[in-house]
Amino acid sequence: MPTDTPPAGSAAAVETAGDVVLRAQGLTKHFPLRGLARGKAVHAVDGVDLELTRGSVVALVGESGSGKSTIAKLLSLLIHRTSGDIRLSDKSVDGRGRRAFRRHSKRVQMIFQDPFGSLNPIHTIRYTLTRSVRIHKGNLRGDKLEAALEELLARVQLTPVDRYIDKFPHELSGGQRQRVAIARALAADPDVLLADEPISMLDVSIRLGILNLLKTLRDDMHVAILYITHDIASARYFADRTMVMYAGQIVEQGPSEDITQTPAHPYTRLLIDSAPDPDAPARTERSTSGEAPSLVSPPPGCRFAARCPFANDLCRSETPDLFNVPGDDRAARCWGYSDRDNKPDVSGVAKSVKETI
Amino acid sequence: SSDSSEESSNSPAPSNSESASAGAAVGTEALTIGMPNGTQTDNSNPFVNTSSAQSLGYAYAIYEPLFQVTDISDTPPEPWLATDAAWNEDYSSVTFTVRDGVNWSDGTPLTADDVAFSFQIRKDNEALNNTALPYGDITVDGNTVTVGFTQPVFVKANRVLNTFIVPKHIWEGIADPTTDLNQDPIGTGPYVLENWTPEAVKLVPNADYWGGTPAAPELLYTSYTDNAAMTTALVAGELQWGWTNISDYENVYIAKDPEHNHFWTPSGLAVDVLYLNNETKPFNDVAVRQALSMVTDRNAIYNIGSEKAFPEVTSITGMPTPAGNAFISSEYEGKEYSVDVEGAKKVLTDAGYTYEGDKLFDKDGEQVTFTLTDPAGWNDYVTTLQQIADMASQIGIEATVDTPDADSWFGDIAAGDFQASLHWTDGGPTPYDMYSDIMDGAYYLPQGEAANWNFGRYNNDEATKALADFSSASEDSVRQEAMDIVQKRFVEDQPAIIVRGRPASAEYSSKYYTGWPSDEDPYNQAQPTGPQASQILMKLKPATD
Amino acid sequence: MTTVDTNNLEPQELPRPDAPGVSHTKQGPPKPKKGSQFVFLRNSKAITGMIILGFFVIIAIIGPWIAPYDPDAFSDQLVAPPSWEHWLGTTHLGQDVLSQLLVGTRYVMIVGFTAGVLATILAVIVGVTAGYLGGWSDEGLSLLSNIFLVIPALPLLIIIASSLDGGMIVIAGVISLTAWAWGARVLRAQTMSHRKRDYVEASRANGESTWRIVLAEILPNLTAIIASSFVATVTFAILTQVTLAFIGVTSPTDWNWGTILYWAQGNQALARGAWWWFVPAGLCIAAVGVALALINFGIDEFVNPRLRSTGRYARVLRKRGVQARVGFTPIDRGTTHGGVAATPQPGSPPGGNSFAPEPSGEIPASTNVKG
Amino acid sequence: MRFFIRRGIFYIVTAWAAVTLNFFLPRMMPGDPVSSLIIKSGGQISPDAINSLKVLFGLDNGQSLWEQYTSYWNQLFHGDLGLSFAFFPTPVSSVIQQSLPWTVGLVGIATILSVILGTTVGTLIGWRRGTKADAVLPVATFFSAVPYFWFGLIAILLFAVTWDFFPASKGYQPGLIPAWNWEFISSVLWHGILPALTIVVSSISGWILGMRNMMVTVSSEDYVTVAQAKGLKERRVMVSYAARNAVLPQISSFALALGFIVGGTLVMEMVFSYPGIGFVLYQAVTASDYPLMQGCFLVITLAILVANMMADVVYAFLDPRTRQEG
Amino acid sequence: MTTTAPALTNATLQAADPILEIKNLSVDYGFGDDPTHVLQDVSLTLNRGEVLGLAGESGCGKSTLAYGATRLLPPPGVIRGGEVIFTGRDGVKTDILTLNDKDLRTARWRDFAIVFQGAMNSLNPVHRVGTQLIDAIKAHGKTATKQEARDRAAYVLEMVGINADRLKAYPHQLSGGMRQRVMIAMALVLEPELLIMDEPTTALDVVMQRQILEEITDLRDRLGFSVIFITHDVSLLVEVADRIAIMYAGEIVEAADAKDAYLRPRHPYTRGLLNSFPPLRGPRRELQGIPGSPPDMAKLPSGCRFADRCPFVMDRCRTEDPALSRTALKMSEPERLVACHLHDGKASEVPAELAIQAPQK
């Protein structure tokens, strides 16, 4: 059992905004297949590097099945990684053993996509929150417990407390439930919040409320937030940095504004072009078709090559690294930004987007 | 009867020619015979009780005994395949004269060799010796066969006479007679197997039968899963002959066709007896045994527990009457059971028992209680036990009825691990079997060891000796003397409570055939599953109406 | 077997995942009210069932006191038909059938419910463990329950029951031994489906311990399924014990409905025309069986809201002459819409709520439609 | 492939466990075949015969349980089930051979009838739910709630005794010789009607209920609504869209039921004196007839496993989704 | 069914050629004493060749409206009143709600087809895709032979960009996007005049969503059917729809030309809704969304259903239910309708945010 992790509380006290709390290096997850295809595996996440710093939000966008949720589960140690390293406050964690897992969960909490499913329908809000408080804050009772609960609900703006505390999840609206889910995560006073599509199941009109709440947490409590979404517009709105995933790999990363306004990777561009945008003039050209490659036996070369209008032979044969892209701390997994001679010409990516603006 | 050996063995075969001539009248209806014995398999091995032939009884329409014997009356043994049997003085050897002119159904003639072989095969195969006879030398001389025994077999004489005979030429070729299915049985009997199906076994007359032609042109043996199903068949007239316990038979069965339906329960010398454990409380005290016997209302049991199907035992010797009349000791002649609650209480209080309210307490101040056990599923037994429990309560004894499963019950009884239990005894030509099964010290084994009889662990040297004397005596007077002692011990010590006779009952219908054994003509018991079957079948005549 | 099974048991009470909006409405998943996990008992079928069952439970409790006679006591009236003295007649020993019935209820209920409880506990332990742990423990436990499913129950019961000579609890135990496997399979499938749900993952992520997740998070969600399997087991146990008693495997001197039938059959009650001896016990069993079935209907309807609406509205609809069918929504221009003319009259102006590009200031168009 | 190997291993292990259990269970019972036989004969066989019977059944050679177990497997592999005690010396295999067809025939037909009828009725009332047809349900429930023997005996009383419509017992008219002639076959059919009907009536409610509930569930699936929206004929929607999908769970229950057919309905066979294997097994149990018990259990176990295997296959055939894996 | 002369006067000038007129449709859920009145007197008209967008958040009754109009609501849905008039190409008007079963069956799929919410559940998992396509063709006796039917099925499948050999596939063998396309192909197989699409793209990611939208627009242009397009994504609607109806809690609160509604919302809810989508381009700005949550349909407040969440709420909003009528700026936008008391009075009294004027042409 790793005993080298310092007590969470002290760590939190030391670290301030800007410090890296959670760092993943070469994070990889292969799900072994059963049945006929035994021996093979789904390469759900392949070699992902990622840093979460206090008081900032990193958005993880990408299409369905690209491995976003898997990353969140890996980071929260709900599933075990195949390889790579996860370092919490620079200490490697693997969460084997119950105590280690609890220690980790105290600092890294997760919010699920579906607030209708992530709260047990048979327990009241009080029960759910009490459990979380007791797990993370010791066996509080009576007034102390009451106070802790009140404070939690106040933080997620569910006030007056009495109106919500004894309700069952089904008596609350989706937005309220998601707030309860967040409150449960906050009971641990976590340093990191992994929010896995926290608003995609919510009504449009209440989504913003949740995002704004998370914003407050980031700003007031300096929580590091991983915001997973497939809605790149909300990433732009909410996240400081954005990472774009495609087929288990990070294909582009950088400040959110830059990524959405001047995408460097052809996939990012496709994503942005595809997003409905009433302000954009009617597009005439047909967008690229095709589907993401099989994750069981990913093709050699760039995983996006099959759909990429710029792809050349290099792209189809060799796997690109993350190359630096001009701009502030940006990188894209595209041969176009390498210094290879036979690199594809991706100038069209940036150009076409600029034109539309 | 207590006929001497000479008498019995010399008696001629009067009825045989009769039945042969009677055989001339042949009916038209098949005779259906049923037993409630469940599934049958194509297995006609006459030696094993588990075969279809034994279970349904058709073995005895095919294989015949040397003599037809009966326990129910003093009818002398009727020569059958043997014309004569001569016992030696102490009943340790018998010489049979084999009947001439008998052929096996495959045409081979019956010889003395066949008879000797039939004894020899039993001697050689312990598995086939289910009468547990102590065979000695077996010799053939012309058409006589002498069978020796290592002990006197007076009390088992009927079993010897009753032995059925199998053809040597068939069975000597069979490697293991115990596992042979004998699906093509060859016998001397009035019928031969026509075909075997799981639902019915069809037999047709043996064209070459030595005794003539049987009246029924076809026998159909069939089996039912249980009493109820068989009763339904009997009531519906589908069955003409069989044996099953019918509740309220008078209304349920007889009343359906009073003219033809018969239920005949001739009293033999077997009884149902409530074994009392003489070695444990409370029945280690003769007073309790006596008292319980005094309040046992055998008439009520006759009416309810036995549903009038079993004869009531009236003599205080427990001897079923009239079959046992001749054996009843003069001392007890005419003395009958009567319920005497007050007398019983007095017996108890005299012996030091006390009453508190209406509960009986023994000398140690313990309340007197006991448990009556018999397997679940034995309706008439359990009903009887319930009655006895009810009766015991009249003298303040709290009795409960317990019904373990048959297997554990059987084990417990044998090991003497019970207080009171209803059980049967063997019958026989004399009351020897009955008393011996109840009180013979020769069967005595300490508790915990599995006894074959005398489950109540009664052990009285006088009684044991008397029983031994009876079985080995060569004179009637000696036997009667011994029997008197046995009865005296039984009455005074009351080692067990005889509750009723246990006859070999049967149902039959005289609609198509008459000539069944009956009170008027009790030539044998009427069950279809014994050696008497061939005798009965030959006595049948087509009904004339 | 397992392939088949999981399909069969796929949870049906899940809210439609594609319609999150519905779950805060009537159509949503089971809505536990505070302090009551047994809302399904509000269903009218379930209530009827509960009333009948309650009646027998009361009889089970007070039966021996209200029985007019000692069920063992003999009388002179043998096999007497019902009379004032003996409402349900007498047996071959003159025992009072009604008293036997009343006294025997207790045994039936105790065996039924004990077996139900024991089997349910076994089923929960095996099923939930297998379902939650998965992997080899699952394989092993599934195998175990499959073996118990494969072994024919009645002969097994006869073997075991006859080798342990049994009071009621032993019988109940034996019955439960053969009855738990089915429930375990159902629960396993259910647990597996719950295990994958977000709320379980969420509490795990929150640091809950495994046993707490199973006991406090998953198990309460299985209440309805457990209840249903309990009720089914009780039914099975009652029918089985009665059959065992009838065959004579269990003690015929302990009064229960099966022993009544055993004695009746053993004494050929039907052949004697003593219907009063044979029929009432059978009807009692049927009544309890139907009651339990009704309760299970209620649970089914609770678990599967799609079944619920059927029962609930059937009568109302029939009265109104409309039929609820898939694909043909009933049209009921009834009167419940206060104030608003529900049936548009030809020529009547549509309500002021119409949306159509209309010319300004004009009286709205009216369309005349002939049906 | 691995899927099938896994299933295969699963079946083999189940079979082994069941057979082993079947071997040890009977031996854990008190009593032995000899005493059972004597008890059963109720005085016909004298206890004097105990010894001869022990020799007869081969119980006198003092084999240890383990030796018996190994020799049992040895015998099994040679296809030898031994000799029955209760019907000594009939081989177990011929006892089973003789009784199995009756059970499979009657109970099989009754079960299939019950499934088909129940599923059809369930389809109809599930489809037209809320109509008067729902009244079928309580009636069917009643018949499944009464003990079968009670129902069967009353049926016999009414239909065989009071009104002589049907024979009260047996598989065919005693005296007929089994053969493929009309006389025999008609007799078999005639004798089978009452038992078959009682089985159908008492077991149908489960099928109705299962199908009805599935119909109700499936009916509200979108694809059924789509089928209606497509304007398909009502019959086609009901049969090909709703019932076709709703019937899938019935298949697995049916497989289980098919397996249990071989076990026979002991009670039916008792009540109707029907010559099936259920009653044979019962007799084997009451006679402590280990070889026969084992034989019956083996056949039943195998039947259930085979039925389930078939169900796996049929299910895969009917539900393309399960084919995916294999 | 015949038509009387329409009493439209200058309406004819607008070339209004309605294909579907929903009038005063009322729908309840629940047959019992206490049903949920989900729709009350909702009216909506769809013109020929038009794509009408129906937007609103989850649970506001969009699907109910679409299925109610076609009588496809599952139990316990019940239609309590109204009419749904379908006008065929031949000009014959029929009230769908009064058709008998047989006629309704015939009309279905031939006249109007529906793409259901969630293609996962719309295809029968146990039948091949081809079978399900051919089913629809055969049910309407459109083609004589099996082969023709198969050809037709193959044709529509290719039309939506799926290879014809997928006819043999089972639904689970197709990806979500493909299944959705199969549904669209199935809806088009009989060339209906009206296509109702209930959130045809919500389960898909944006790339796939765009592909499908483009396909639909293409097909509409080629085949000329009318579409009711349901979604809760207003920005999507603005792209695809000609006209938009915004629903809130079972009522239509605003109806307008797509661009108009987007640029110049008149109803506070519409405005709030549009303000809830962060823009992908243009300046980054703080968004407020709409505070509070939608009312429970089972216990609706009296008065305006949006009153609780409305920043402009007035006293009468809490008592009087506003009717869907023209905006305060009647003259400049004759085709717009809004259900808001703010628009009952003079244009000048409307808050500025809700009275943005269209640029003069």
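We call the chains A, B, C, D and E, going by the order they appear; numbering starts again at 1 in every chain.
The rule we apply is simple: a residue touches a chain if its C-beta (ideal position, glycine included) is under 8 Å from a C-beta of that chain, and two chains touch if they have at least 3 such contacts.
This is a predicted model, so every value here is computed, not measured.
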item: Greatest separation from subunit E - chain, by CA centre; value: B
item: Between C-D and B-C, the pair with more C-beta contacts; value: C-D
item: Chain of greatest Cα-centre distance to subunit C; value: B
item: Inter-centroid spacing, subunit E versus subunit C (mean Cα positions, whole Å); value: 43
item: Whole-Å gap between the CA centroids of subunit B and subunit E; value: 93
item: Interchain centroid distance [CA atoms averaged], subunit A/subunit E, Å; value: 34
item: Junction residues of subunit A - those touching two or more other chains; value: 173-174, 203
item: Shared-contact residues (touching 2 or more other chains) in subunit C; value: 20-21, 24, 162-163, 247, 265, 271, 310, 313, 317, 324-328
item: Touching two or more other chains - residue numbers and ranges from subunit D; value: 29-30, 153, 161, 220, 225, 227-229, 248, 270, 286, 319
item: Sites on subunit C touched by subunit A in the complex; value: 15, 20-21, 23-24, 28-32, 34, 37, 197-199, 201-209, 216-217, 220-221, 223
item: Subunit E contact footprint on subunit C (complex, rising order); value: 18-22, 24-27, 309-310, 312-313, 316-317, 320, 322, 324-334, 336-337, 340-344, 350-360, 362-363, 365-371
item: Subunit E to subunit A touching residues, read off their complex; value: 57-59, 161, 175-177, 204-211, 214, 232-236, 238-239, 259, 262, 272-273, 276-282, 284, 287-291, 293-294, 309
item: Interface residues, subunit E side, partner subunit D - complex; value: 70, 72, 74-75, 101, 104-110, 113-114, 116-118, 121-127, 135-136, 139-140, 170, 172-173, 186
item: In the complex with subunit D, residue positions of subunit B that touch it; value: 30, 32, 38-43, 45, 48-52, 125-132, 178-181, 195, 197-200, 202, 220, 222, 224-226, 228-229, 232-233, 235-236, 270, 375, 378, 405-411, 414, 424-426, 452-453, 502, 529
